[in-house]
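Some notes on the structure that comes next.
Just so it is clear, A, B, C and D label the chains in written order, and each chain counts residues from 1 on its own.
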Amino acid sequence: MDGPHDLGGKRFFGPVAVDEPEEAFHSDWEARMWAIDHAIEPAPGWNLDWWRHVRELIDPVDYLTRPYFDQWMQIEAALLIDSGVATIDEIVSGKAATAGPDLPPPLGPEEVRAASKRLTRYDRADGPAPQYKTGDAVRANAVGAAGHTRLPAYVRGRVGRIERQCGAHVLPDAKSRGIDRAEPLYTVRFEAEELWPEARAADAKERRACVYLDLWESYLEPA
Amino acid sequence: MTTYDSKRVAHIHRELHDHLPSEPALRVKALESLLVEKGMLNRAAVDQWIELYTEEIGPKRGAQVVARAWNDPAYRKRLIENATAAIDELGFTGNATAHLRAVENTTGVHNLVVCTLCSCYPYSILGTAPTWYKANEYRARAVREPRAVLAEFGVAIGDDVEVRVWDSTAELRYLVIPERPAGTEGWDEARLAALVTRNAMIGTDRDLAPARKGSR
Amino acid sequence: MDGPHDLGGKRFFGPVAVDEPEEAFHSDWEARMWAIDHAIEPAPGWNLDWWRHVRELIDPVDYLTRPYFDQWMQIEAALLIDSGVATIDEIVSGKAATAGPDLPPPLGPEEVRAASKRLTRYDRADGPAPQYKTGDAVRANAVGAAGHTRLPAYVRGRVGRIERQCGAHVLPDAKSRGIDRAEPLYTVRFEAEELWPEARAADAKERRACVYLDLWESYLEPA
Amino acid sequence: MTTYDSKRVAHIHRELHDHLPSEPALRVKALESLLVEKGMLNRAAVDQWIELYTEEIGPKRGAQVVARAWNDPAYRKRLIENATAAIDELGFTGNATAHLRAVENTTGVHNLVVCTLCSCYPYSILGTAPTWYKANEYRARAVREPRAVLAEFGVAIGDDVEVRVWDSTAELRYLVIPERPAGTEGWDEARLAALVTRNAMIGTDRDLAPARKGSR
């Protein structure tokens, strides 16, 4: 989706705020929002790719300006409303007007440690075999996708080389629409000169650089 | 049930924009209350998650992994081959590390990790992500001008070094193994681990020489 | 330049604010800013392409959030500072600490009507002859440009057809760096199906649509 | 002198962001004062420009052009062939109309004008641009979902009509010639011109039938 989230390579954002205290959480509300998200089943039928897409659908200006964990709050609010679990009035007031959904009881404190160790795998042993092999030149799709996708705009139409096969992984474009379909995944290397016009200049400041991305087979064509 | 309807959700977001209070803390407080009332959330679990990621799960884990790899070539080999299995030996697998890959810095290579599309990060070995990692500036610039970004972190990368930027676009997560600094021969794992910064494991730090830290 | 100004096709911006009073100016400060810009020589050596580029260089969040004529103010402030005509302190205080630049006297009220009728032409009769002719298929550059350009991201790598030749016009990419160089300009038609993935769907809502853009020869390659 | 240095200007913008007051009116007032003090601006010229574009230069000019084209096939032909020369016959050339092109709506074609990269607009025949024309929403959406945008303006476009969107990426400017509505046979130019809305000449209005306006 051509949205505000697709930030890679966008110019003239300011300096990185490097002077940040190294602590797990910078404020109480951030800590609670982060932890709420880990302690709940966000909505009936949700999945992580849909969750990411719901973030991408935040109003573009809000996406670029609202604090990070505030966006998590808004994602959860949207998931609840979308799935019919809560109304906007309930979200605003914090008071339930109707009973909750028919879900298993929420995670208890005694279950948190085990939950923190749970591995969610996205590869599928029975997925299709890969069409490309290491070293193959591939071109990323020029057009992108109307819905959720993990092909950033900055590699569209550009040529890279397969660095390695990663097995078949669940395709986010499908999963975000509720469909669990695996497709071969590759790590693909793109040279800076292929991606950025200024890197082609003889006096380029950013020399000897490349970007690796993990891209699904349907994002690629032979080059 | 979830509708998977983009237009519907974009509309919901605009409604939320119009009706929610501006202050994030108030928004989160109301959400927490609502989820508890709906029977979807146990507040004690929230407290427990915060405690776990404040006290126990954080960059010290990654540092221990790196220190072991520095001291144990067989472990380093296993870490490169299958990082998820290698961190599992230390009991560190979990959130977002089911598909972990470790990439090595060398004299001629520097690695830098970013997620341009959202904020993917290997939680179970590095803890919560720093705010700058999730910010527009880093996400936009790391892939395009990594040397300029690294300079802001105080890291100078010569023209003879290749910068490899890893954009976490799928469910693979990346851990940078920094170079073991000179002058640490014979150090044990704990002493080495104390040199390994969180930023070094993301790639926004490079030279971990003990003198630089004013230490030992 | 990959910047916040390149808005064409970006998704999920909200409704258009169609209920706007039809009047020349909606507030006094907007009217004055608009008119100031027409009444001054913005800075020594400026040109319109550089002016547009200076707008593109506004902090991305400010670009998307600050009022339109406020951005004109900020462009003029940046032009004055960049060209050494004013300092930031002067801009903030509104008080001149040094004399102005050595420019002709400013436009007088009696000259405004004539100025409003002045035609600024961007075509150059002695420019190079066009390489493409009406009906030719062309592909827009995939990579874009590091500096100012008028090739929007949404047509990069896409194939269109030359609708007409427009003569040789000054190339903004060069002019924004102070170089007056003409290049053949074309109006190029792109079908919606070529530009937008959702327009390819069998049930596409936006049927029978196309976009025409005016593109310079160096933006194009044969397709 | 102008430096043409993008990085320098991006830095200046960040300084301005940090130091200017938030209120636009205050910013503009200070700028105006400074320009006057620097000898770069004559306030009376500012007043004169505002008066000219408030009283005289505006969409009434474009409406007159369209009305003439409706009533005079020879003029219409000249307008299609060279719109700049054709509007000059009425004394309307000037700001941003050195390279004007007129595009015709028909039963099967609807034209819509946008400038996705900034806010290009044919000032000397349509006056100042509406705020919506310069807003993110219109710029982002007009090229991708013109029917949805037109619906917000109350304009329904059937599947049998081709929508042509004109993105003003160069110095060409576009004027839409709407269809002459039925029931206006024999009307003179002035009466016809009163039917022609500004939005119709941008393409965000289509049906100009007099009944719709509740008129005459």
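We take it that contacts are C-beta pairs under 8 Å (C-beta built on N, C-alpha and C of every residue); 3 or more make two chains touch, one makes a residue touch a chain.
This one's a predicted model, so the numbers in the text were calculated from it and none came from an experiment.
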{"item": "For subunit A and subunit C, chains touching each", "value": "B, D"}
{"item": "Neighbouring chains shared between subunit B and subunit D, ordered by label", "value": "A, C"}
{"item": "A-B compared against A-D, more contacting pairs", "value": "A-B"}
{"item": "For subunit C paired with subunit D, centre-to-centre distance based on mean C-alpha positions, whole Å", "value": "15"}
{"item": "Where subunit B and subunit C are represented by their mean Cα positions, the distance between them in whole Å", "value": "40"}
{"item": "Junction residues of subunit C - those touching two or more other chains", "value": "1, 9-14, 57, 59-61, 64, 154, 195-196"}
{"item": "Shared-contact residues (touching 2 or more other chains) in subunit D", "value": "6, 10, 14, 136"}
{"item": "Chain contact topology (line, ring, star, complete or other)", "value": "other"}
{"item": "Contact pairs between chains, per stated definition", "value": "A-B, A-C, A-D, B-C, C-D"}
{"item": "Interface residues, subunit A side, partner subunit D - complex", "value": "12, 14, 60-61"}
{"item": "Subunit C-facing residues of subunit D, complex", "value": "1-6, 8-10, 12-17, 19-21, 24-25, 27-35, 37-42, 44-50, 52-54, 57-59, 84, 91, 93-95, 97-99, 114, 116-119, 124, 127-128, 130-132, 134-141, 143-149, 152-154, 159-172, 198, 204"}
{"item": "Of all residues in subunit C, those that touch subunit D in their complex", "value": "1, 5-11, 13-18, 20, 22, 24-29, 31-36, 38-41, 43-46, 50, 52-55, 57-59, 62, 64, 66-70, 73-74, 76-79, 81-86, 88, 90-96, 99-101, 103, 105-109, 111-113, 116-123, 147-148, 150-152, 154, 166, 169-170, 172, 176-178, 185, 187, 195-196, 205-216"}
{"item": "Contact set on subunit B toward subunit C in their complex", "value": "6, 10, 14, 136"}
{"item": "Residue ranges of subunit C in contact with subunit A within the complex", "value": "1-4, 9-14, 57, 59-61, 64-65, 142-146, 153-154, 156-158, 195-198, 201"}
